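Structure first, then comments.
Lettered A, B, C and D in written order, each chain numbered from 1.
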Amino acid sequence: MNLIASLVVGLLFACGVRMVLERELVRVACGTVLITNSSVLLILAGSFAERGEAVNVPQGYPVTDPVLQSLALTAIVIGFAVSALLLTLVHRTQRAHGSLRTDRLVEAEMKRVHDTEKEGP
Amino acid sequence: MPLWGPLLLPWVMACVLAFMDGRRAWVAWLGIASLAASLVCTALLLPQAWSGHPPEFVTGDWPVGVGIRLRADPLSIVYTLVSTAVLLGTLVYEHVAGGITSRSFPSLVVFLGAGLTGVFFTSDAFNFYVFFELAMTAAFALASYGEKARNLRAAFTFVVVNLMGSTLFLTAVVMLYLTTGTLDMQSIVAWGQAGAPYALDVPGTLLLCAFGVKLGFFPFHFWAPAVYRDAGPTVAALLAGALANIGSYGLLRFGADVMPQVLERARPLLEILGASSILYGSVLALSRRDTREVLAYASITQAGLIIAALGLGGREGLAAAVALALAGSVDKTALFLAQDRGGERARRAYSVAAFSTAGVPPTAGFWSKAWLLRAALERGHTWLAGLVVLASILSLLALFRAYQREQWLREGAALHRGTGAVVFALSLALVATGLWPEPLLRAGRDAIAGLGVLP
Amino acid sequence: MRSFVPPLSRMLLWPSLIIALSFWLKGGGEVGGGFPAGALAGLAVLLQYVVTGREQTRRYVVVRYAAPLAGVGLLLVVGTAFLPVLAGYTPVSLFPRPGQPGMGAGAFHLHTALIFEGGLMLIVFGLVVTVIDRFALSTANQGDEGP
Amino acid sequence: MPVLVLPILLSLACAPLAYFAGRWRPGAAAWVGAACAVAALAALCWELTLGPARLVLPWAPTWGLSLEFTRDGLSGLYAAMALSVGALVVLYSRAYMPHHLAEEGRPARDEVRFQVLMLSFMAAMVLLVTVDDLLLLFIALDLTTIVSYLLIGFDRDDPESRAAALLSLVLTGATSVVFFAGAMALGLQYGTFSLPLVFERAATQPASTGALVCLAVGALGKSAQVPFHFWLPRAMAAPTPVSSYLHSAAMVAAGVFLLQRLYPLFEPAVAVRDGLLAIGFLSMTVGSLMALVADPFKRVLAYSTIAQYGYALVLVALGSEGAPLYVAAHAPCKAALFLTVGAITQVTGKKKLSEVSGLRHSLPVLAGASAVGAAGLAALPLTVGFFKDEVFFHALVEKGPLFMAAGLVGAGLTLAYTLRLWWGLFGGPRQDVPAAPRLLVAPVVVLAASVLVGGLLPGLLVAPSRAAAAASMVHGGASSLELAYHLDARAENLLALGAWALGAALFATRLTWTPMLTRVLEGTSKVGPAHGYRVLLHQLDRLSTWLHEKEVRDLRDRVASVLVPTGLLGMTVLWVTPLRDRFIAGSVGWADVTLVMALAFASAAALATLRARNHLVLVMLISCVGFSLAMVFAFAAAPDVALTSVLVETTFTLLFAGLLALLPDRRLERAQKEAQQPRGRDRISAGIAGASAFLLSWSALSHLQADRVGTQTVKLAEAAHSPNVVAAVLTDFRGLDTVGEMSVVLAALLGVTSLLKLKGKG
């Protein structure tokens, strides 16, 4: 189970990174969502091995680690909030630059850098 | 002063400020007042923190580990003091410089303050992550302040790259829990002394990289020049002056306090990383025309110095890292704020902060670099001492080239009385510490002595 | 052509909110809690936005003041966590304290955690509704700022 | 004991007092400052009669530092020099600066700033010579560097002045940092920075050569000795009062002073002293030769300063008792000459020897006074300068004929360039210029008078020189220095006569050798240290620019630059530590089938996202991943997480869809077309990141701790009045996390609202 879970974690992470390394803002945002998902999966993967029961069980039975669950919940919520912020940022950035492509951002940045270089002595 | 005071105050005030329109003057002053009050509250904790039994509590009075332990040892207190002071200065600056243009700016700055205070006070790995995210999210929201195309671009880069850092950190914390079965730092320390010797190396590596992104040292720094250049000057001051402290604090806390054995093994690596950051930052700063870019590379050099100090290890090396981080935080803030304007006041503040960054006395930066030099020579790492000297010379050259280009040529748009007062206060603090270094030296020494598990 | 969807969605709003409330109230005992409650309530409002549009949806007071509601929520959360310190308890002490008799029946427990969860619900609801409201607003006055 | 502080306090008070006086009336700054300096001088002279003393004030006990001051002959001599020349130069600037500022087109009140800087410099100099601690020495040294930077760059609109200021800052700053490294090494070696203790311990345990070389580098940089000499001629871009003070009696003297102060450390290190000796002779030669051909008068004087401090360096390296006397005798002569050329520049507006001549008719007083100064510099009898050469020759005679010859040539060159300068200014065909203001001439006359008095009454000099020499000796032994005219054929006198003859001959034949020497020097300047510095800087700049061009700038690469090193580092850690032997695959039973299937769904959806072109499809696939994971959580007996994750995914999908609705269709379509042309390195980066995530997670899962805090929380849930343990953890045990998490949500909300403003309010 360890192997399978960590394989899936790695796969999700790899796909997420591949998306973040895409040349386009929306896909970058999607990639971060996948990456967050992979880390949440890792959190709960710690409890796969125990094969616990849900809450409300009589004492003595194995229980899925509640601390892990609450860590996962917190991570999900934080990920959600940050992604919502990222989405609005994607919107504003593409509107300000008139493009969804990250290379346009780089071009705009480089233009500024070179303008400063030129005006200097 | 109870321990929760400095944490609760900015937190509640941030919530209250969130309702208000930050563009109004009185709201901004309210934000300033709450940061000032939390600064005072933190200062009131000083005697307790230095008493040998730092104040601490566990939430809800649950057993340690189940509840979250908060603890304020000298390291936490000095970091909180400096970071809050920097935030306070920046907020005052932004307000008096011409008014805040965004509704949520004061609230977010105070949230950032609450997040940083929480990060510095907590003694629980996951709680650290939560406060860390609070500070980061507030910084994400602040990064686009100004909302010009370049600001948004900077914010986007900042958010995406730092999200990776946050993910790494979360993963590291979870791995710590999975491996040790606890989140409380002191319990992890105990586990580390008793448990399997290498098991903490994996989370340790991830933590190093995560904090590397925050602190911005080679090769994790590539976001920094773009963000510091394109974000507004105030925001750049906030990010470089206050937020980057998380990186150095985290490395000190997790490295020196929680996992000293991992730090011990990582020392050669840290020295290599530190040396390459120092060289990289110093060399790249030389040819830059944009002052903010020069400052960005100078802060990479600074990060490299901190890492190198950590890599030296021992009490002296770690104390030097603390001193470097604290002095660097004030330096960077003063530089970023002063470079935005012309006129005599800005010129003076810039030159003081630049001398401090280059390690020229009588400034705080001198003592921190002197400490590093001392630690390096004590350990017999002459090459590192040489590197420190070289970095000093190169940053002197780079910073004053920028100074002459910007400050002496530009007329008009001078700092007025209010903004001048902020940068003046910052540079005064640098010079005063330079003339009477005892507070800085004691802060560094006792902060490390408070960690207690070192040889 | 008048679709049956808008009235149906309006009808769906209240039951959804009630389920959200029940998530909140039974959170202490069973699966549920403030976060799902807030998200569910937010989803219900979201549906209104999708179906009836921004103007129609903003008739509801809760929707218009979603953002301040989130602030209130955070104040509730912070208050529940920290107000006990004024009485000398450590932060995040919930009442009844361990050892004190609890009140409530079945899945429902009278506990300060309930206020805490309520705050959570308001914050999440506020976030979801505000984001969607701002998105809807931007769609309404679409215009490029240019590069 | 506290009496010792008085002169220091008075000299520290000069600058603030002058500032406040200047606030009242700009012209008053100079007078108040000078008066204060004279008062400090008087206090100093009175105190010197009380004999040596030390003062120790507590400072930074953490490092075992204290503020230590000393009062001995050496500090007295240098402090008196700094204060007296300082007071005169400040008065001179009262007359000089208004004119200069008017020429530069700057407001007259900038004079106050100038005077304050000059007086601060004086204070820094007094501090430097009175402190008795290695660290404090360095601090005072850097104070002089900082103030001199501001002074040299005082004409901030002049690019040459700015460049000169930066050069002097970097060069003297760099060398003093090296000095600091040496000081730190010594401090660690001896366990203290306090000089008396250091000397005491050095007697039994000599200082390391490396540290001494570092100290020497700092001193050489300050004193403008080869190979760091080239900043000094450039620094002549500063206003003349700056040159006449900093570059005759103060800043350049600091380097030689340091060597004298630290002489007990250098005494046993014969190799280092030999090196210093060689550098001294080299500086002497280079400086004198350059002074023979330089055209701007200030440059002539600057090269002469390099040469003269070369002499002083030779004396120090030889351990001669005459070194303090040499510096003290040189200072008034050189200052007088600097002030003279400043006055001439102001009166005529000319800066080069080739542009002026015959000024003796218009400026007779100046001509006379400066003749005395020049005579002093050239070591003619009846001036104090005679004795500086006497002690010099005296020291060389002891070393042998080769040294004597070198000294003779050096002294001859000095006479030659001094004659050339004076004659170039005042001799030759007559030029008529307006008279110089009295305040410009008076300081020169005072300095000339002091040069004459010292020459006529050498007995006055004996006591202070001996005291100074004794202070820098190792065991505090008494000095046997003698100063008197001896009209006999002793070696010193013969050498002096030879030098005069050589100088006169060189001056008489100057037209024949000048062009050749000029060409030779121009040739050597192409390989000199100045050139090396320029080339080094240029190469560094090129390297810097090249690196910057190569630097990562694409967002993709910025992300990859975080993840790839992390991944590689993580995998390396797994590889090199014993962790590599412990990977547990775990068991998969029939009960896990559902879990595995859900995981497989998630993986398939994730893989499919890479192929999705359409944005809507992409978003749907992302939410598929999310829902599959929610299913995983449900099967893994984490219903709360599953519920939350379902709701979050739903909300998120809708938000995403909302975002897509916001984006202009055209842009979306274009982006869809252009997407998915991954570069090879992106694939590799993703591969490395994924592989490391897999391996690191697997390793972590293989080191699972069975006994976690989670089990405790289950037991305590009842006490928390919450049957749902997860809710208890969320709200109670780890309630602080939840409060923080909610604050994160609110902060994000604030960010969203400020990014997407309501109309009318934005």
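Throughout what follows, a contact is a pair of C-beta atoms (placed from the backbone, for glycine too) under 8 Å apart; a residue touches a chain by one contact, two chains touch by 3 or more.
Heads up on the chains, UniProt names are A = Na+/H+ antiporter subunit C; B = NADH-ubiquinone/plastoquinone oxidoreductase; C = Sodium:proton antiporter.
For clarity, every value in this text was computed on a predicted model and none was experimentally measured.
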| item | value |
| --- | --- |
| Relative to chain B, chain with the most remote C-alpha centre | C |
| Comparison of C-D and B-C (more C-beta pairs in contact) | C-D |
| Cα-centroid distance, chain B relative to chain C (Sodium:proton antiporter), in whole angstrom | 36 |
| Where chain C (Sodium:proton antiporter) and chain D are represented by their mean Cα positions, the distance between them in whole Å | 59 |
| Inter-centroid spacing, chain D versus chain A (Na+/H+ antiporter subunit C) (mean Cα positions, whole Å) | 45 |
| Length of the line joining the C-alpha centres of chain A (Na+/H+ antiporter subunit C) and chain B, rounded to whole Å | 25 |
| Overlap residues in chain D, where contacts from two or more other chains coincide | 553, 555, 559, 563, 639-640, 644, 648, 651, 655, 659, 662, 693, 697, 700-701, 704, 708-709, 713, 716, 723-724, 726, 728, 730, 732, 734-738, 741, 743-749, 751-753, 755-756 |
| Multi-partner residues of chain B (each touching 2 or more other chains) | 11, 15, 18, 59-60, 67-68, 70, 126, 130, 133, 137, 140-141, 144, 147, 149, 156-157, 160, 164, 171, 174, 177-178, 183, 226 |
| Interface hub residues of chain A (Na+/H+ antiporter subunit C), defined as touching at least two other chains | 20, 28, 42, 46, 54-56, 67-68, 73-74, 77-78, 81-82, 84-85, 87-92, 96-99, 105, 108-109 |
| Chain-level touch network, classified as line, ring, star, complete or other | complete |
| Of chain A (Na+/H+ antiporter subunit C), residues touching chain C (Sodium:proton antiporter) in the complex | 54-56, 73, 77, 81, 84, 87-88, 91, 95-99, 104, 108 |
| Chain D-touching residues of chain C (Sodium:proton antiporter), taken from the complex the two chains share | 27-33, 35-36, 39-40, 42-43, 46, 50, 67, 70-71, 73-74, 77-78, 81, 91-92, 94, 96, 98-99, 102, 107, 109, 111, 113, 116-117, 119-120, 123-124, 126-128, 130-132, 134-139, 141-142, 144 |
| Chain A (Na+/H+ antiporter subunit C) residues touching chain D - in the complex, by the definition given at the top | 1-24, 26-30, 33-34, 37-38, 40-42, 44-49, 51-56, 59, 63-70, 72-74, 76-78, 80-85, 87-92, 94, 98-103, 105-106, 109-110 |
| Chain D-touching residues of chain B, taken from the complex the two chains share | 11, 14-15, 18, 59-60, 62-63, 65-68, 70, 102-105, 107-108, 111, 114-115, 118, 126-127, 130-131, 133-134, 137-138, 140-142, 144-145, 147, 156-157, 160-161, 164-165, 168, 171, 174-175, 177-184, 196-199, 201-203, 205-206, 208-209, 213, 219-220, 222-223, 225-226, 269, 280, 283-288, 355, 358-362, 366, 370, 373-374, 377-378, 382, 385-386, 389, 392-394, 396-397, 400-401, 404, 408, 436-438, 441-442, 445 |
| Residues of chain B touching chain C (Sodium:proton antiporter) in the complex | 2, 4, 8, 11-12, 15-16, 18-19, 57-61, 67-68, 70, 149 |
